[in-house]
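Both complexes below contain chain A, partnered by chain B and then by chain C.
Up next is the complex of A and B:
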């Protein structure tokens, strides 16, 4: 519905501004609060004017929550999740769309079902698997031979444990599947006539063609990986593998200590920055990748 | 260069058969056109030769070697697709040279061959462009260059001209023909356009509903269509077809109040039955009254070089092509002579041609035929 009347225009602008304020409000509070002194941030009423103490507060927050390690861990985790997810999605969708096998439908539905099982739903069994990877093998061996073998291998406190369960989901596969379906069949056939095999076709055609798609998925997955809270909390006991989301707690003022919310806000600002930068840099492709395919 | 043999080839999708046993043989260097309406299985047949579709039964041999189980790249075929299927992210040079790149041809030689090929199709100035920046005709040329560069034994064209506008189509048609004369590779060209088919083909294959209706030289098929389907599909405007009864005693063909005398022995051979009679619009001749069949003009199509008069005969639509000097207006009655030698007879049950010479001495030429008179 497209119409242009002064009243409708005013109404749309009103709604848009309201929504904008709703979204930007907390962010303004963080930025201005993070740049104020301890007295200013606790003053009533709260002043929305940014002050000049931003970097001091950030420094304090950095050392208090040991953000150096946490940021590195989160960055590694988010990057691994992103790369793994993009690679896995591109390949699974490739298999589902371009290969003719009788089991195609079965595999498609297997992937589809995982959409209904996000990590939060299967967190307990996933933890059980991650904590003891060889359990099924041990059970099998003892059932068949009667021997008890003690092989121990777990993924707790490791990057593999942090990322693998997050990679194995179907969201990206669907984005890729939709993209592959928009490509004409003749493209694959022309490549076949030109002598290109499946792998070659994937590398020479699909990867370059899916660039926007890939960047869109990268954006989504990086933010998703960065924001993970529940899973790292379960997996990680070693402070060396702490992620930023777990460090947020350390930023809160202690119950009886000074209520230095300015430091807390500065810390959360630091933590917000990497996904913000990724979105800002990639947003152009992000929108293009989700909205339309390149012609 | 290669000959192609197609032996008892069948294709089914699930339980739906689309090709019912095709037998064809193409000589080396021949330009074959497969013509048929959409859904007749012509593209499927082409794709089976290319190796893009499995062969349900039967076998296809290229140069005497059965290729049923070979990958497309091992068959030595190159294909031009209807929508060109260019690689959108590659330049024209990249598109043309991709097959060589896959084959591992060294870069220097690749570039040389890309330039050579581009020159053949007149794309030398566009090698750095992306397909999106090309016109329809140029994209078509890229698609052809991509096929040429591989120096294939067999060229396959899957309705390559149907996405072009009418003018460009005529130009590209001529270019394809020239290209074939130059390269002499066996070519198979699939189309639903009978003008393309008539102009390009050394050998024409007419298909309908998964079977081959007729194979032959274009002019033979035009002059002696083997079935009602071929008769109505080839030629524009389409051949007039109407029902007539063979009157053995009166030795004539009777339809709509008209009786056309035929040879008495011939009438006896045909026997008393109903047949479908066909005559091409361009072979109807306007005649003075009482010398032919009288029809009432429904409407007239102007073509510039002539006009087509549309009317009805015996309940069937009937068209006659006349020259520009013959004037007719809707509602007029005109008399048409239907030269006996130009009539085609078809069996009503099987739809096949009845091979008889209604006018034994006549050789095919429109004028100066003894004609039949309306009684």
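Up next is the complex of A and C:
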């Protein structure tokens, strides 16, 4: 734009730099704190200059909180949630958009309503379901036949328990639905004319076309899965299935122990890195997915 | 919203939708029914069938001053957090949208905090804004007890709001920047021709045209503040609901009540109240989105 606005330009740069300090400043504090010694990190005033002990502190944090297992579990959990969501949502959206059956509206509303209640407000009964998965089946059998059967199957301390309830929401379905609705009607018509069935149409045309959507959904779902806190906390009692978010507690300096925050910060930096890398590297897709799932 | 050329089959779509429908039935609808059942019943202390007690659980919840405390804390948290995130996001989006040379990296950087999980951010901020070390220690050295979230509830509440705002400012920034980019360039140029400076253009043209996005973000962020996954994580890892229930938000209280106090009925009654609240928010949002589509 051709307009001379020196004052407004200076203000704009000022705002952007202030925003940088506000939003990126904490990262700088974390990184420099994580690279200092125990004395330096507790010094007043705090020094923003990074030192050379970053990897040493990370190593200490890694062994203190047993981050090896936790990182692996978080990675498995985030990947399973991602794959589950990306795959199931594509299928469901296909069923909702491309078929004309009486069940269509029913499916749509059934999935749609799940947008309303996030896991946090129904966490208590969802936990109860995961702890006793066959309760509905048992109730059904005893109601129909009158017999009390005792089959027991719980999802506590398993990857299935960590991931399945998180997959059971509709965010991804709507991303695909919006995209399918933008495709021209002629596409499916042409496919049918050429003798393709529904399954063939789905595999050979829809899936390749929705590649960008899948990538966008993948990035947001990975971050979502990695950052889960409350659900793993409830589902897991066995240290073998601990996720990174749960090991944050182990990283915290104890009340009466040495306040070695340098190790704590190094540990939380390790935990923050994977989603940070995903967002930084795939930012275009991440932003697209974010905007598309909400609107 | 129907597609013209649809495939005709009833079993195929059912088969395709089946996996997700099963998951939703099992992990969504069944628990939703359980919340209802628990909210109106009480389990006898020594086992046996649950007893129907009508609205007694709700009466008990509403009679508890700590519950009303958590409502107030949640309200303050969601309201302040929402306004702060939207304000920061708006100012930054307006600045970046001017596309001055060198503004591209900022646009990339502002989104990064959104990648961080609430609990991890909370842990980091426990250090960054700790009264004894980090950034606030030197202030406290000059003015003793100026900042102490471990002691004062209001400071702790401010701390969790700061963590929330830090994480979510990048999110509102994305949406507001997208909104700004859809403001017709010709309008801005016409205003510039008439001698409007950038600030005047922002206040008189860009912000009014952003109204739909701002309203949408208001609803989304309020919902997030009340029941968001991060809200629980931030509070749990930053302040543990304390000191003296100063940051005891509604979600935190529900989980505490259910899993530490083992009071499923009370927790379910509280959940139902919260669900009612979210439904109101969602209703408002969809009314609004519908209107937005009409006006396009």
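Things to note:
Operating definition for what follows: the second predicted complex is superposed on the first by the 263 of 295 C-alpha atoms of A that agree within 3 Å, B and C clash if a C-alpha of one lies under 4 Å from a C-alpha of the other, contacts with A are read in each partner's own complex, and residues count from 1 in each chain.
Everything below uses one rule, namely that a contact is a pair of C-beta atoms (placed from the backbone, for glycine too) under 8 Å apart; a residue touches a chain by one contact, two chains touch by 3 or more.
What you are looking at is a predicted structure, and each value in this text was computed from that prediction instead of being measured.
Once chain A is used to superpose the two complexes, chain B occupies space next to chain C without a clash. In the superposed model, A:192 makes contact with both chain B and chain C. In the overlay built on the shared chain, the residue A:66 is in contact with neither chain B nor chain C.
Contacts of A:182 after superposition on the shared chain: neither chain B nor chain C is touched.
Set against each other, chain B and chain C touch different numbers of residues in chain A, with C touching more.
Of the two partner chains placed around the shared chain by superposition, neither chain B nor chain C is touched by A:237. Once the two complexes are laid over each other on the shared chain, residue contacts for A:142 go to neither chain B nor chain C. Seen from the CA centre of chain A, the centres of chain B and chain C span an angle of about 90°, rounded to a multiple of 10. Once the two complexes are laid over each other on the shared chain, residue contacts for A:200 go to chain B alone; chain C is not touched.
In the superposed model, A:208 makes contact with chain B only, not with chain C. After superposing the two complexes on chain A, the shortest C-alpha to C-alpha distance between chain B and chain C comes to 6 Å. The contact surfaces that chain B and chain C form on chain A in the two complexes overlap at residues 186, 189, 192, 294. Across the interface of their complex, chain B is touched by residues 184, 186-187, 189-196, 200, 204-205, 208-209, 294-295 of chain A.
For chain B in complex with chain A, the residues that touch the partner chain are 47, 50-52, 71-73, 77-79, 81-89, 98-99, 102-103, 132, 146, 150. Taken in their complex, chain C has these residues touching chain A: 1-10, 12-14, 16-17, 19-21, 23-24, 26-28, 30-32, 34-35, 38, 88, 91-92, 94-96, 98, 100, 102-103, 106, 108-121, 123-128, 132-135, 137-138, 141, 166, 169-171, 174-175, 178, 188-189, 192, 197-199, 216, 220, 227-233, 236-237, 251, 254-255, 258-259, 264, 267-268, 271, 274-275, 278-279, 282. Residues 1, 3, 5, 8-9, 11-13, 15-16, 19-20, 22-24, 26-27, 29-30, 33, 41-46, 88-89, 91-92, 94-104, 107, 110-111, 114-130, 133, 136, 164-165, 167-170, 173, 180-181, 185-186, 188-189, 192, 197-199, 201, 223, 226-230, 234, 245, 248-249, 251-252, 259, 261, 264-265, 268, 271-272, 275-276, 278-280, 283, 286-287, 290-291, 294 of chain A are the ones touching chain C in the complex.
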